[in-house]
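Below: one structure in structure tokens.
In this document, chain identifiers A, B, C and D correspond to the written order of the chains, with residue numbering beginning at 1 in each.
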Amino acid sequence: MKLIESQAKAIFAEAGIPVPTGRVATTPEEARAIAQEIGGRVVVKAQVPIGGRGKAGGIQLADDPDGAFQQAQRILGMDVRGYKVERVLVEQAAEIAQEFYLGITVDRDRQANVVILSAAGGMDIEEIAEKHPEKVAKLWLNAGLGLRDFHIRQLAAQAGVPAELLKQLAPIMRKVYDILLSHDATLVEINPLARLGDGRLVALDGKMEIDDNALFRQQKLAALKEDEGDHPLELEARRRGLAYVKLDGNVGVIGNGAGLVMTTLDMIQRNGGKAANFLDIGGGAKAEVVRNALEVVLSDPDVKSVLINVFGGITRCDEVAQGLLDVMRSMEVKVPVVVRLVGTREEEGRRLLEGTELTPAATFQEAARKAVLAAQS
Amino acid sequence: MSILIDRNTRVIVQGITGREGQFHASQMLAYGTQVVGGVTPGKGGQQVLGVPVFDTVKQAVDATGANCSIIFVPAAYAAEAVLEAADNGIELIVCITEGIPVQDMIEAVQFVRQKGVRLIGPNCPGLISAGQALVGILPGRIFTPGPVGLVSRSGTLTYEVVNELTSRGIGQSTCVGIGGDPIIGTRFIDVLRMFEEDPQTKVVVMIGEIGGSDEEEAAEYIKQMKTPVVSFISGRTAPPGKRMGHAGAIISGGRGTAQSKVAALEAAGVPVAETISDIVDKVAQRLGRA
Amino acid sequence: MKLIESQAKAIFAEAGIPVPTGRVATTPEEARAIAQEIGGRVVVKAQVPIGGRGKAGGIQLADDPDGAFQQAQRILGMDVRGYKVERVLVEQAAEIAQEFYLGITVDRDRQANVVILSAAGGMDIEEIAEKHPEKVAKLWLNAGLGLRDFHIRQLAAQAGVPAELLKQLAPIMRKVYDILLSHDATLVEINPLARLGDGRLVALDGKMEIDDNALFRQQKLAALKEDEGDHPLELEARRRGLAYVKLDGNVGVIGNGAGLVMTTLDMIQRNGGKAANFLDIGGGAKAEVVRNALEVVLSDPDVKSVLINVFGGITRCDEVAQGLLDVMRSMEVKVPVVVRLVGTREEEGRRLLEGTELTPAATFQEAARKAVLAAQS
Amino acid sequence: MSILIDRNTRVIVQGITGREGQFHASQMLAYGTQVVGGVTPGKGGQQVLGVPVFDTVKQAVDATGANCSIIFVPAAYAAEAVLEAADNGIELIVCITEGIPVQDMIEAVQFVRQKGVRLIGPNCPGLISAGQALVGILPGRIFTPGPVGLVSRSGTLTYEVVNELTSRGIGQSTCVGIGGDPIIGTRFIDVLRMFEEDPQTKVVVMIGEIGGSDEEEAAEYIKQMKTPVVSFISGRTAPPGKRMGHAGAIISGGRGTAQSKVAALEAAGVPVAETISDIVDKVAQRLGRA
């Protein structure tokens, strides 16, 4: 899950990383009050879980409380790349002398956390890496050793960060690494980490990504999870414990195994169709799970046909068939459902489905073709 | 021959008293695997499926001479189970558990590497050397001994391939599910190296998917391999930024697309199949059985 | 430096390890007041930096405040193996069901911290290891990995600690390791770690050894350092920054290099004498250091002769000679001083000492012989 | 030949701008050692003794191709300096610093071992390959090339021996001061193994002292050595429980006595000299020059 700027900055501040004075407002009146409190010039920033808000006009300066009111009024409700702005962060405006990039993230290829530091902050790290590759310093951490002072000196030297900033930079870097570990983050990013006119280093913008697998031990963060701008069907599927992704086609898909389901989506496209979703019921699914899966897929108004593609290994085909039957009996299914069941208890499964309205298919290819045809008719 | 496991592999099951652990232990025993014991803290002294249960891996290794461990421990404790196995002389660790926190796995993978221990997984179906030993949750009955080595990030998809191979009379040497997580102990390139050394394996099937760059890295290595490799990449139609079931199956920052992987493989001269049947056709071709 | 029981227990309590209720008293009246506060049966324990106080009668039970007064009166002022008891710890008496040993210490051979756990607590660990080797579980820690739950289970299983105690034992063990690292200890020992009648685990006695090299970053512990029962000359030498050990002979020794000085002591004994001290002035010592060294040695009333044995490498013989001259000029030296100077600037050094009362020696052997003879005369 | 260092060793000095670092760098240069640079955080860009100073070991290694580092960093930062060197491709680290906290060194020694890097010290005088290179603070002028390898926990005592060897016309191959701390990177047995492989070294002198059991362990190894070893142990009259100058020179819990070491060495057939002259006599004997 992604944390937005205001959430990341709250965590930074708690850890002792300097951030500008500010607070979140949900109304223009609140924005004015916060600007009043802060005094002087403020910046009003749209809080959305996506980049590009600056270009979209979601970041504006205001000279006084009334200006803050007006800017908040303009930004709140704005659409930033599909996300409606419901909150703005009102912060003391900063006089920036220089911008740095500081991030720690997981490098899956090196199987390590990697610290990235650059003296060319403010842009996306991909952009920095492309435009100024020589200004990007990277260092992969040994988990046992952690982030040491010599690492920090190495990074600073390589990134060309002035030596006089090391005294401020070192504790910030250590705190970023502490935050990464203590919050089970896969990314903690400060960009820009700004040197102000008075020489202080301040985190002007921040981003964090939290490992969903670790939310069981990150109670505070887990509570924020629902706030994400996910599709309502994704939220519903998550509540039911299903690995579901909403897509923009019209063939509903249910299968077992991520690779099998991805391949099913690919096969649907090969046959001229487009999947409405990804849904993996996993290994050894019981009838109950299958019922839940089908209910979620059928509740999607985009779905014009459904393809159930199961290779029975641990998963038993008769269990899958039973789950399908349960749904057919409890609700009216208005779209064609194509079913391919292969493997463990295949015969038993097919027998259960005989005489129902489900469309059987013998092969992967046949199933994809039939489902696409059904959706088009 | 085979890679990683064979008839002589002595396996303990960490989490043997759990539902999953016990069920799959019974399947492994049924396949003929030497399951010599299990570990569940606090349940030492019990017997499960006729094998002794121990409180610690150390006790299990001391008592049974196990050299391999398969882990069915819940996600919150699974990385610790890996550390325990690696710290107590286990040479091959197979971690089935899904949903282990990434930071836990970074530590575990680095420790395992430092110890010179081999870890398969996590979030994987394990592995099988057809006709010899099953250390995992793969459906043993679809496998038959033969010349095809398989390595895959996806379980069920691999079963589809194996099922079709077997039905067409083409057997398998070893099939390794390396797992769907971003941080895994063994990557394509590691397994390819082993297949390259294995006299039984005449063709390798590599089944990749979106996310990361293991396939691209493997493509570089395959250029110099003598054993032919046939590949397949799933997720060609997956949208960016969405996890497709596997924690590791995600296109982020424009990296890890199926297109990039297909391009790298094709540049390395590796045929990339379009469908599962196509994989099997290409394998048959390379075995001269087309 | 060694911490005594009350100091170690204060650290344990701060870390959350259960210890009996109690406080230190320096007078029988205080002991009575503490016993009154605690209520019920108490134990009065001599606080000395040495073992064997139990056998010496330094640990006594008291049924009531008056009993505590009497026992404190008896113990305070008592001599325990050369240490005068100036403090007693008055603690709630515990009903012990079982005693365990728990310690973490530095194993120099394995270059690792080793955790030691035994179900046969109460005795010295050497005694346990001898009498019940099968009951002593040891585990060497990887610094990067630290002490993990599986280590604790492994130790408990090997030591035969009942499984139902693990829930209490695990956090105590983790805290002991945390204390070791956070206090730069080379030993943290709880012995006995007692299971009481009600099932609780409590640290009934504790010991710690702190790494002297780390006192620069252990301000609180460094402040306790002066409290140690060292010889006054050792304290004085430490104040002057000298590596000095008081011994029980009569030949004062000054040399450069620990091995050289130890060998000098050995040579003195080979020649029938006995050294009054060990004193290493280290490498590259200036005249000032030599002067300090000689002043400390000469202030020892046991010293009947002094042997200065210097091999000049980085250390310059003329610097050493100058330091000696400074002392000879500023005070009356009443005992014979034998000097052997070899190596860098040997000639210059000898020339400086010509005409003084110092006794020159050409070889190691000659120097030792002359110093021993001089002490005997 | 020699062990560990020779004319081709490329050395950087960590802490080169300090008083000690600079003085000994000049001595090493004077001896002919290839001192190629120095490291002092914050002083990068300066020149000291004609060699460049860098802020980090990485920069120094990148710029100079150094493969060896000698550390003169204050005790509070010295273990970190060891980690930095080990993490940046240095193959041989010589740590002169005295007074490093034990827990810092435990971490550093374990990390260095894990990296496959060799650490000499800390709290040691370093080492010298006579006539070739000096990486340490030993007085170079007393050494002369020849057949005797020395390994010692004590600096000055070793100089006494070398001085007498040289004055009697017996030269040295390499002399290694392993240090007086309880936790050190290289122990007697490690250096003995190297001398055993070194064709120049015909006799080894091992100078031990009270504390620990390195000498006892070495005695076990010497039993199977072809190169003869002569030994000396200081501290025969040291009282228990007192640190004799070196942090590692302490008899604790009845272990680490000179008597135990002498007994172990004698049991292994190693002659233990009683005096320094006696060491040299025994060496001369073994060289057939008695």
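FYI, a contact is a pair of C-beta atoms (placed from the backbone, for glycine too) under 8 Å apart; a residue touches a chain by one contact, two chains touch by 3 or more.
Everything numeric here is computed off the predicted structure, so don't read it as measured data.
Rounded to whole angstrom, the centroid-to-centroid distance between subunit B and subunit C, based on C-alpha atoms, equals 55 Å.
Centre to centre, using the average C-alpha position, subunit C and subunit D are separated by 28 Å.
For this pair, subunit B with subunit D, the centres built from the Cα atoms lie 47 Å apart. Multi-chain contact residues of subunit B (touching two or more other chains) are listed as 111, 114. In subunit A, the positions touching at least two other chains are 142-145. Under the stated contact rule, the graph of chain-to-chain touches falls outside the line, ring, star and complete shapes.
All chain pairs that count as touching, in label order, are A-B, A-C, A-D, B-C, C-D. Interface residues of subunit A, counted against subunit D in their complex, comprise 142, 144-145, 148-150, 153-154, 157-158, 163, 166. Touching subunit A in their complex are the following residues of subunit D: 41-42, 44, 55-59, 80-81, 83-84, 87-88, 111. Per the touch definition, subunit C reaches subunit A in the complex via residues 142-145.
Note for the complex: subunit C touches subunit D at residues 106, 108-109, 111-113, 126, 142-144, 180-181, 184, 186, 211-214, 216-217, 243, 245, 247, 255-263, 265-270, 274-275, 278, 280, 283, 311-314, 342-344, 364-365. Those residues of subunit D whose C-beta lies close enough to touch subunit C in the complex are 75-76, 99-104, 106-107, 109-111, 113-114, 125, 137-139, 142, 152-160, 163, 180, 182-183, 207, 209-214, 217, 234-239, 242-249, 253-254, 274-277.
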